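Attaching a single structure in structure tokens format; questions to follow.
The first chain written gets the first letter, and so on, giving A, B, C and D; residue counts start at 1 in each chain.
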């Protein structure tokens, strides 16, 4: 009887982080993967990840729709409720032996809660880190529901232990998002030209020289300020006037404000030096990030993947606050002038030495080796 | 503008624990209480708490139905999903400034999650304790979502701090459930005779001499074992053959098994020395507990209220495992002989000295004084 | 490619009505049955139909929990909402070619609506009849959503056509509930003795002479009157004092009132001439009905199955109002004296001639033969 | 005690149709309006109707979010499920005496079903008409759940009676959507210039000469064909090359296909003769329609409002199939050449004589006068 491992994938980022685990499970004689895809990963406006997965030959076991339209705090909560209902039906039918949830998105706590309530062991990837937004609370709440932990860093592992989790359930394996990077030729950005011609909006931007990569997600705990905050970034990009690839924000509460700020800018200023994408597959994103003169915004990839690759990063605001970082990061507030100044300094500085704090690109196979015969104790007990 | 404090009440036990807070808020010039009643507290089979509250002059602001029938792990999860949907609508309409949630019931995590996602500060009562069942995970997950903490004991307060919560958000106030006890004449059990005549099932049991109080709730993490476990208790009670008041279990996953074991016993053995109640209001429960020769089962009142009152308790199984206890408790496993033996020893021993580890009966007013002008920081951050 | 026929079963009565269809589909080379079981059919308190089905070798494709506790109009509505969510997920995963829904229960309209919204053809069994309660509205609303109709009677078929449905989509096939009866030895009630000993509550009642069969369901449109109404029936049964088998009510809004009235009676009067069952499988119910001196209450089996078998029936109140009936029925109001009088007259009268208005017991195979290659038009259009 | 009339508003079109009813209820001594706004009416991408209503001084009693993202048949069904849950909570708290639902949108059947299940009388506006899409089934299913009917036309009234509704519950009052038109100065389209400058996308189009108004909604029952169908319309508009105002489609299943077709066109051809709006308030829409050389697409306003105003209309495909129409309509299939030809003939023809088949602009006050003291019979019964 093979152990059934159920992976929850709800966004493009989720998929990038799960893909090395999926690969490590493929054809594994002792494991039966169960893939549950839901939320934004099903929507064409977020790039139809489910379709892309099927094209790569991945069987999807259940599709769960739970995003209630609105992108406000109340619809985020309501989406979480629908997610619990959907996950419970999926788990009831799939009967997984383990449910694997990622990090700190708003739908991950519902997934972990549902599994825990159904006495299904929960494996948590990327717990123990520190950040801002509601993600900070979500991540630690999942830790308290999870039965085995796969933090990315040793600091995160220590934090999980300090929260009262049993040391023998904590395995610092590195960040799974780095695994996919290691499989790619990161030097070749030539496909980006064709991609700009066929998808996204805006002119085709020249990436042969210095260029920026901009990604700014909403901060749910600053819900009403997101519009003002993005306006600072937008003004900075306008002032910098460098070739820029801009990735659309995720669907968290407040994304409306971020989108509005970007759209205003696009429609009023019609910047011909920016190309906008809704999202990019890791095969495109990896080389794009690796060759950028600087990544600017508040994406975690400015902290993790950029540390690993040595890409200069300007991190804006509180979303990544508290997360461990390498030397490649300059932190700034929501302030046009500060952003401009930091980006200019990074462009001048150029690449940094790679830093392995977030792992070595082999996390996925470690997760699979441990999960495959881990002896779970369903009844948790805090260690102190 | 008065601060709107929203209290979540979903069971009779919840109401007992919230009532001193409700009293302390009544007519408070700076506070506007908002009472949300849901789940079991609305159902006649659990005693129609909402009706009782209204009879006591308490205005209920919202009623939320979320219990999906089944009392299995999957319906518990599904109920949690409906609860999130319902709480989000209630909070969206009531716009509370603070949401107060209790302890560790399965619907409390949905309430806390919903409020946190909606950027509403969460006050958590009775966090930081240790126990068994899924309650253990729920309680600590709520801690990681809450913005202010009101643990019952100083040990619990220390545990919350060790989990990474800011010390200035932690206030050990004692257990609110003791507050209500202090308001009552605990010596007079004469109303119990009339109550046995008019409610519950079974013969009227004589309470003038030594009698037992039995309460055994399901343990969700031992879902499939609940029937076997209760059979041990039932066999012990049969062997003891003392006058016994038995309170029906709560609605957690597994309550079906507990109920079945009790019903089998009742229908096969027709014990004339037991009277069964679905639940009791605190005015009846307080004196009943205070005068019992021994409380037996796995209710938290065998640990807390009994410590405070000095009532001998026999605690069965893992449900209260890890929770601090006074000298009044003998712990036993799911084992007829051990239960019989422990009860006999407790009856011989008689009352214990009161123990104030769980507070002094003034918790509710402390909670209200702190909540009324606490300066909340919505963006949480672990302290290490 | 076999046509996938999805049957929705949510109660014991549903299963009795679907079972001849299930049989006719078994091993059919052109059909793939998909069985979705939900609601009351999953609950042990309604007899755990799903378990019984599995014991009979029937594969259940999806289990859907949707009953929100309360049995009030608001929880009936809320249950309907959860049902829609659950059915949509089930249909999305099963991809049926046809969904078959029954009659007029509150969860059948959600099932039909969900399928229609998903462009899945809906087959409706037992439409076109007239009755009371919310069932009347539900039944006709389903007709307006359905793509093929299998009414039990020719009158019902005419009514469906008058409502504007295409004549070529209407097939009067008889009531499927009679099919199962025809497979049974209806003369042998000896197993009822053993059954009384092992299940249900109350004394073992002697069925060798004249006995009554009592079933009274709630009427949702008389929600607040159900308790008073059942009290009249209970008082009549008490006055009649004949051996009686009483079947517990279904879970519609108001069942609480019915249950309470029965329980009051049982606990206050402890009638030793009644045995109560939660429900009976058709193998037991068929002979029991066939040999009864009279069936009393408001079950549709007093109208349909009793007409077919020639069993005297006393029908109480509006629930079956408007439904075609044979000569075997005496209608009375909620009135003790009238009930007593009518039952006495029926007992004196004895059996009636069988009446085939509700079919000949071959409905199920007709349904299957038609559904298997019916050419559905998804876009409906009223005929006038 | 004033009668509480609860109006359900879920889209801009809904609001236009309800506004004369809202006006007629304002300050009515016998009535208490309750406004429930939900779904698309809350979303900024559909024009934030709720905000517009508040600016006009209308108090919103409840906001209900229920749109599950996806715009596929399965998410339409899932949205309907969430809608039922939300409406049941709203009605449970508001305790309306009557619920007023409109026409045939997918969320209107859930609203009617919820009210009917809760024994709240349902008033249905614009029943009895014939059309295509799932709307056809929804409309008639609502009729079978409703307790009073306000069809727009006498034909519709006859159809409702033929479906078995009591004649004394049917009141042909005209279409409420015409009421709002009558309050406006329909000759002045000058504000459209400013509006084009500040909202929508595309060049500012000159409306001083002949111009087209294009609106094409998805047809749910042709779910997979919507993209191909819209491409024909888009090609026709391209060939016609007249100044055109294009209104974005509604959120029904299939809107993704429609949107995609429009976006393809806009991005590939960058037509400078079209301005696109997400939606328009009736004050803008009325004059715009009234002065158009031709309205083209499948909006019901091409049938109703255009008949009343005498505006030439080209109706494409099955969505309005079967609906009564005046002389102003030319029907065509999904065919570029046919569309081009029909539009050219209409432009040449010019205005038609007004036709009052859809009413005289006084429907709203009639509805209010009838609803205010209508004697409802909760228990429905088909008339034959």
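Heads up, the rule we're going with is that a contact is a pair of C-beta atoms (placed from the backbone, for glycine too) under 8 Å apart; a residue touches a chain by one contact, two chains touch by 3 or more.
Model, not experiment: these values are computed from the prediction.
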(request) Report which of A-B and A-D is connected by more C-beta pairs in contact. (result) A-B
(request) Sort the other chains by how far their Cα centres are from that of chain B and give me the top one. (result) D
(request) Just give me the whole-number Å value for how far the CA centre of chain B lies from that of chain D. (result) 51
(message) Averaging over Cα atoms per chain, report the distance between chain A and chain D in Å.
(response) 40
(message) By the touch rule stated above, which residues of chain D touch at least two different other chains?
(response) 74, 78, 82, 85-86, 89, 92
(request) Enumerate the contact residues on chain C facing chain B in the complex. (result) 42-44, 65-70, 74-75, 78, 82, 201, 256, 267
(message) For the complex, give me every residue of chain C touching chain D.
(response) 73-74, 76-78, 80-89, 91-92, 106, 109-110, 113-114, 116-119, 130, 132-134, 136-137, 140-145, 159, 162-164, 220-223, 253, 318, 321-322, 378-382, 384
(request) Would you pull the chain C residues touching chain A in the complex into a rising list? (result) 62-64, 82, 85-86, 89-90, 92-93
